[in-house]
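You will see chain A twice below: alongside chain B first, and alongside chain C after that.
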Partner chain A sequence: MTQGDNPVISVNGARKSFGAVHALDGVDFSVRAGECVGLVGHNGAGKSTLVSILNGGLSPDSGTLALLGRPVERHSIAQARSIGLRCVFQELSLCPNLTVTENTRVAHRSLRGFGWRGRAARLIKDKLDEIFPDNGIDVGRSISGFSIAQRQMIEIATAFTSSDGSVRLVVLDEPTSSLDAGLAGQLLTFVRRFVAAGGAVVLISHILGEVLSTTDRIVVMKDGKVVADRPSAEFSTESLVGAMGSVVRAREARAARDAAASQTAVLSHTSAGRGLDFVARPGELIGLAGLAGHGQTRMLVDLYMAEGGSWRTPAARKVAFVAGDRAVDGNLPLWSIVKNMSVTLLPEIARFGLVDRAAEARVTADWHKRIAVRTENMDNPILSLSGGNQQKVLFARALASPAPVVLMDDPMRGVDIGTKHEVYAMLRAEAAAGRTFVWYSTEMDEVCQCDRVYVFREGEIVAELVGNEISEERILSASFAEKAA
Partner chain B sequence: MSLVRQVFGKPWIWAFLATLATFVVTILFTGGASTVGLAQAALTFGAFSVIVGLGQMFVVTLGPGNVDLSIPATMTLAGTLALKVMETQDGLIWLGLVVTLLTGLVIGIANYGLIKLLRIPPIIATLSASFIVQSAAIWTNRGIRIKPPELLAQFSTASTLGIPNVAWLALVISVAAWVALERGIYGRFVSAIGQNMRAARLAGVPVDGVRFATYVLCALLAAITGFLLSCFSGGAALNMGAEYLLTSIAVVVIGGTAVAGGFANVPGIWGASLFLFLVVSMLNTYGASAGVRMLLTGVIIIGVIVAASRRPAR
Partner chain C sequence: MKLLTAERIRLLVPSMSLAVLLVAVFWLQPRTMSYTGLNLLFNLAVPIALATVAQMLIMMVNDLDLSMGTFVSFVACVTATWVQTDPLIGFAILAACIGVYALIGALIYLRNLPSIVVTLGMSFVWGGLAVLLLPAPGGVAPDWIRAIMTVKPPFAPMAIVASIGIALVAHWLVMRSSLGVVLRGVGGNERTVERAGWSVLRARATAYALAGFFAVLAGMCLVGLTTSADANIALRYTLLSIAGVILGGGEFVGGRVSPIGAVIGALTLTLAASLLSFLKISPDWQIGAQGAILIIVLAVRLLLNRSEARGTGQ
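Moving on to the complex of A and B:
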């Protein structure tokens, strides 16, 4: 085989779009045998899409792909497996109702015939002991009985086991996210041994320290492009963070807002000993940043629930909520647009327990105009609207209420750019009129519009950035474990 | 044309069409001899189903898993206690009413208490509560059948303007329920909770308060029905609520209320209640045996539900 110097896998000029979103915008990427490549970038940079293309789960819109030096017309998951490419994803993929042994059998079709159970058990047990000595995992137990860390260990070990062909390349997507320092160290040591023996590894991680110490080469992605591809030794944590978020936005002076800092808080949340406290003052636009799923939504829901209102509507409502996950937290699917929009406002427009329908029609017609919901008839069902217009209805629901604080849970998910700018303008106008907004967003340029930003990591606030301090770079560096702001 | 479409778009139309058909088929058999009598009976017995059905309707509308299985026991206990405290005296009717309402109130509070505090699913909570309530009824009743006060017995069996008094009462309660549901903030909140409880909570709906009120309302209506039924039938019997367990759920479903919650319908409760009574009397008239009667009742109910569910209610 002419494997010698050919990359195990390489892609050239790969492009992939989902609708208007360019997930990959011309990416070149390759991995050679005996090499450990780090892949870093913030959420939505295109890392997961690239991995899906490598393992055959997605096919690129354009660009070429070669396996072991040979160009491939149609790549597939089966083909990726057949050359020895394995992936360990963030969302673990073991069957919880099966035992470790049985899950190994699922991954290896060649373990068939009489006595497969014994062979599978030996295979996975040996690999577990090799990577994680003294792991204490009983391979006869079903997955549901294991902790999340143990599941991750099993998942990783399964990926490195080989029954019929050798394992050439393993893609590890956030492999240490639920492992403690000791286990993570064992894994990284094993990765180095595996690579030294001629294997290849792609390591995706948000913990920059382990990427710097384990990999030979680091590829940095940003907005669907590769922005840096250099030997690891040439990077430091700072330069890596700099490469991930290069745009530092020019910021307007906000002297007026600084004066607001002395005002009394309208909303606060004390962090029981972990991280910083949260405070919101009148007229502020507060951003919640950090990597997705690090406690921002939870904080918003906590802030909302803390204001009560579960047994009776408070006389003066203090907070309103704008859901981002419309289907789960926002829409009332059987109702019309009008009813969906007015539900938060009902106590204000009811007399003697009866809804004043004339007032309801007036208020919703007013918001129909102000927020430009694209529908001819506000009595149409909410689900007849596009996602972006449903989101506008949810915005109007919160903005129409008299609540002085509006909590927003990444509300721009799946919203087109035009709608976004309409909403941004409205937020600024409302904030200037004294309303407070607490805005969780996964998009950097939205967070950078805020007056003050709290950065979250692992469920706690780790940094507070004010005014000119807010930059993509500062937010990123606070988001990652190795360097606290 | 659009009027026809509008009328046939209503989810309750099928229950009323079925009622009308059953009525005509029954009258055809008797040659029109018992038209008035049958209508009177249907309105009387239908009225009891309507009142319990309305309570159940609000509960079912709260969303999947919400159903009150303690209705029969509540009816029995309320009837038993009320007749006991009234001691057949007209002067103590007020006390009977107070006891009835208190019974409903306490059972409603207990039901939601179990659901909320112990986090038991409503179906289990109300079922277990019903065993306790039924035991309390057995303990108070002790097999002695106490007659209702003369005035109440007369009122509950008499008619005004040709319509049975209990049907008038059911009508008043239905109108109130319709207003609460279609025009009131309460109805909006119940419907919002039934569609998506988390979204309703995040939109500012006082979820616990509304659910609590709904379980109390359902128990109150069941208690009132138990009181009326025991006055109507000349005394409380321990099994008097039994058939209302399935009836209360059947009238909600046949009436066009969404079983999955979020959408309720008051007129449909009337159509379904009258229909359920008329099906049984039709089969009786045709001389069907008990087995055939139950079989056909089941088949007919399924037929109506299938016909109604082909309408896209959403």
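Moving on to the complex of A and C:
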């Protein structure tokens, strides 16, 4: 340990809430020089929030933070960088319009003045060659011309370059997600070299094998808390998975759906040789699980597009879609609640191309009662409703349509628990009446409501769980790969 | 190293279209192929090129300036009145204008406003101020500006030398300097720039201030050429400058801009108007014909980009 016994960075009792959601609920976390710490946990465990607090992007609601042993009042991105903290984020964050050299310049304030271009090019080229020998990356080309894997390599190398002041701590969020086995191996070897030379690394990964083999210590998070913090040698894949999902939830009794298996599929999707096939039968509640961003939304969009027809031949409306990102994909923000609800129904309630206002009012009043939207007047603007009630309107929009299949893209984001239970009951009632639901959710207890669950990893279905097989532990162990890819 | 990178294609199309137009003009009217001829063809392109560079700086950070035309008109009015009579006050006004541009840039970022709305509003402000200053066409260009704009350098006429100069300065500033990289980075991925510890607020304000500076130069050059000003003198610059940037290979979003291309785009647009006059197309049809030229050039660029994308096949 080169820095004495002071951790490079430490947080104590950090709390952070977004509205009613407690993203961090009293977290203690520290990293020392010469240490590689693994950070694991399922969706929404608070990993990203913790990283944002470490790098100064977010400030905690309460709790203390110390850099190199000194307490810090107001942390900031600039301060984090000044002590040598770098982050590689999960979503690729380079400027696609700039060249590799120019991206290095953006990362380094000190690369300026005469000849900066040459110095930047040498800096990034040397680091790329050090981490990924024989990479063949031309640093004079702009990022938009590189593949995803090459972009990830460039971003990782940029984080490890130092121009003024040394790099003390690098946070790697899913760094190997788009690297092949060879490149991932090169990276992990470099991480060990970097740590041996006195650097510190925080490694976040869904591949438990690489976390176990590379890190010295593993911190497991769950529901905004640290639930385990022990040397890596004391963990095995099984005990890690166990630590991530230790709470056993009582599952709600569900009517047996064996009869459903015999029925013909209403919707199917064949995977081209990768992973399992997807099948949906009438009356089923199908969950799509796995870590966020592993292909679930892609699957929903593919399913929808396959049935969507084109602008020339509108489809017979077989599927309806409930969007998760209300503000972007769901609401028509300038319209009233009635109009937001009836937009999928227009063909049914129109006569001679004109909307039949009376029929519209009748149908929406009916749904107003059925789903209990909390408003006096359905002609109020949609944005006058709370988030949960807006989401109910979007559900009603899908349920009111005659479509036999409803696709749901994590629709419960930011919805309060009371509304959630109302919607769950509504879904079960509709499913019993024969409608099929395909439900992508990042929340474990929602996935556990389903009759059948497909678990996604790296864009493919890696497991299918039916009925009583559905458990948090089974889903977790399927979402995290055991070995390095 | 590949010969045809995306950046080179971006420059190739505007250069080719300028060359084609130039050949057509020379063929129709051989007398333009002279020192004076070229100067006459291109001298009105100098202020347009400056305004196009200004617009490009705004588009570089994913915004759009709809007040460019009225702002250049206002600057022209200030130049023909205050700068001529009381240079000190005149330059103070122009410096304040650049400050206002920086403020607008900061405001748009801080309040997360659509730049189109803010600059559309500002266009009425600038337009109103210009009318207050010069209710009727008038004013006199300061002699020194007049002298600069009518200078006769050896070898090549002023319009050509000035255009090359503008292109080189803008290219150095935007593409080569370390500041330009950060500014383009804001257009490419604002979060990355922010996470690297830069102030996006300052970067955006800088981009707007630079745009203001180039627009002020545009107004002053324009007065140097026309010798007097008018509150409506440069209204068409708003659309000309946007068209020039796009024609020159720039894009509305993503920080993809080309300063040399923008200057070439401005020259092309000016030349297109001359070509249509030489073709004896009635002025009624000229704007439509100019639009047609724009569409053709953009279609060619789209086709080239597509074949490029197919070529890399990633």
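Definition applied: the second predicted complex is superposed on the first by the 447 of 485 C-alpha atoms of A that agree within 3 Å, B and C clash if a C-alpha of one lies under 4 Å from a C-alpha of the other, contacts with A are read in each partner's own complex, and residues count from 1 in each chain.
Keep in mind that, in the parts below, a contact is a pair of C-beta atoms (placed from the backbone, for glycine too) under 8 Å apart; a residue touches a chain by one contact, two chains touch by 3 or more.
Predicted model, so just to flag it, every value in this text is computed and none were measured.
Engineer: Answer with first, second, both or neither: which of chain B and chain C does A:V328 touch in the superposed model?
Structural biologist: After superposing on A, A:V328 lies in contact with chain B but is clear of chain C.
Engineer: Applying the document's definition of touch, where does A:A365 land relative to chain B and chain C: first, second, both, or neither?
Structural biologist: Neither partner.
Engineer: Given the touch rule stated above, what does A:A78 touch, chain B (first), chain C (second), both, or neither?
Structural biologist: Second partner only, chain C.
Engineer: Kindly classify A:E102 by the partners it touches after superposition: chain B alone (first), chain C alone (second), both, or neither?
Structural biologist: The second partner, chain C, only.
Engineer: Between chain B (first) and chain C (second), which, if any, makes contact with A:A196: first, second, both or neither?
Structural biologist: neither
Engineer: Regarding the shared-chain residue A:K339, is it in contact with chain B (first), chain C (second), both, or neither?
Structural biologist: A:K339: touches chain B, not chain C.
Engineer: Which partner does A:R317 contact after superposing on A: first (chain B), second (chain C), both, neither?
Structural biologist: So A:R317 only meets chain B here.
Engineer: Write out the stretch or stretches of chain A touching chain B in their complex.
Structural biologist: For this pair, the touching residues of chain A are 301, 304, 309-313, 317, 320-321, 323, 328-335, 339, 343-344, 346-347, 350, 353-355, 357, 381, 397, 401.
Engineer: Could you please specify the touching residues of chain B with respect to chain A in the complex?
Structural biologist: 179-180, 183-186, 188-189, 191-192, 195-196, 198-209, 212, 258, 262-263, 314
Engineer: Which positions of chain A touch chain C when the two form their complex?
Structural biologist: 55, 57, 77-78, 81, 87, 89, 93-98, 102-103, 105-109, 111-113, 116-117, 138, 141-142, 144-145, 147
Engineer: Which bits of chain C are touching chain A when the two form their complex?
Structural biologist: Where chain C meets chain A, its residues are 1, 5-7, 176, 178-179, 181-182, 184-185, 187-189, 191-198, 254-256, 312, 314.
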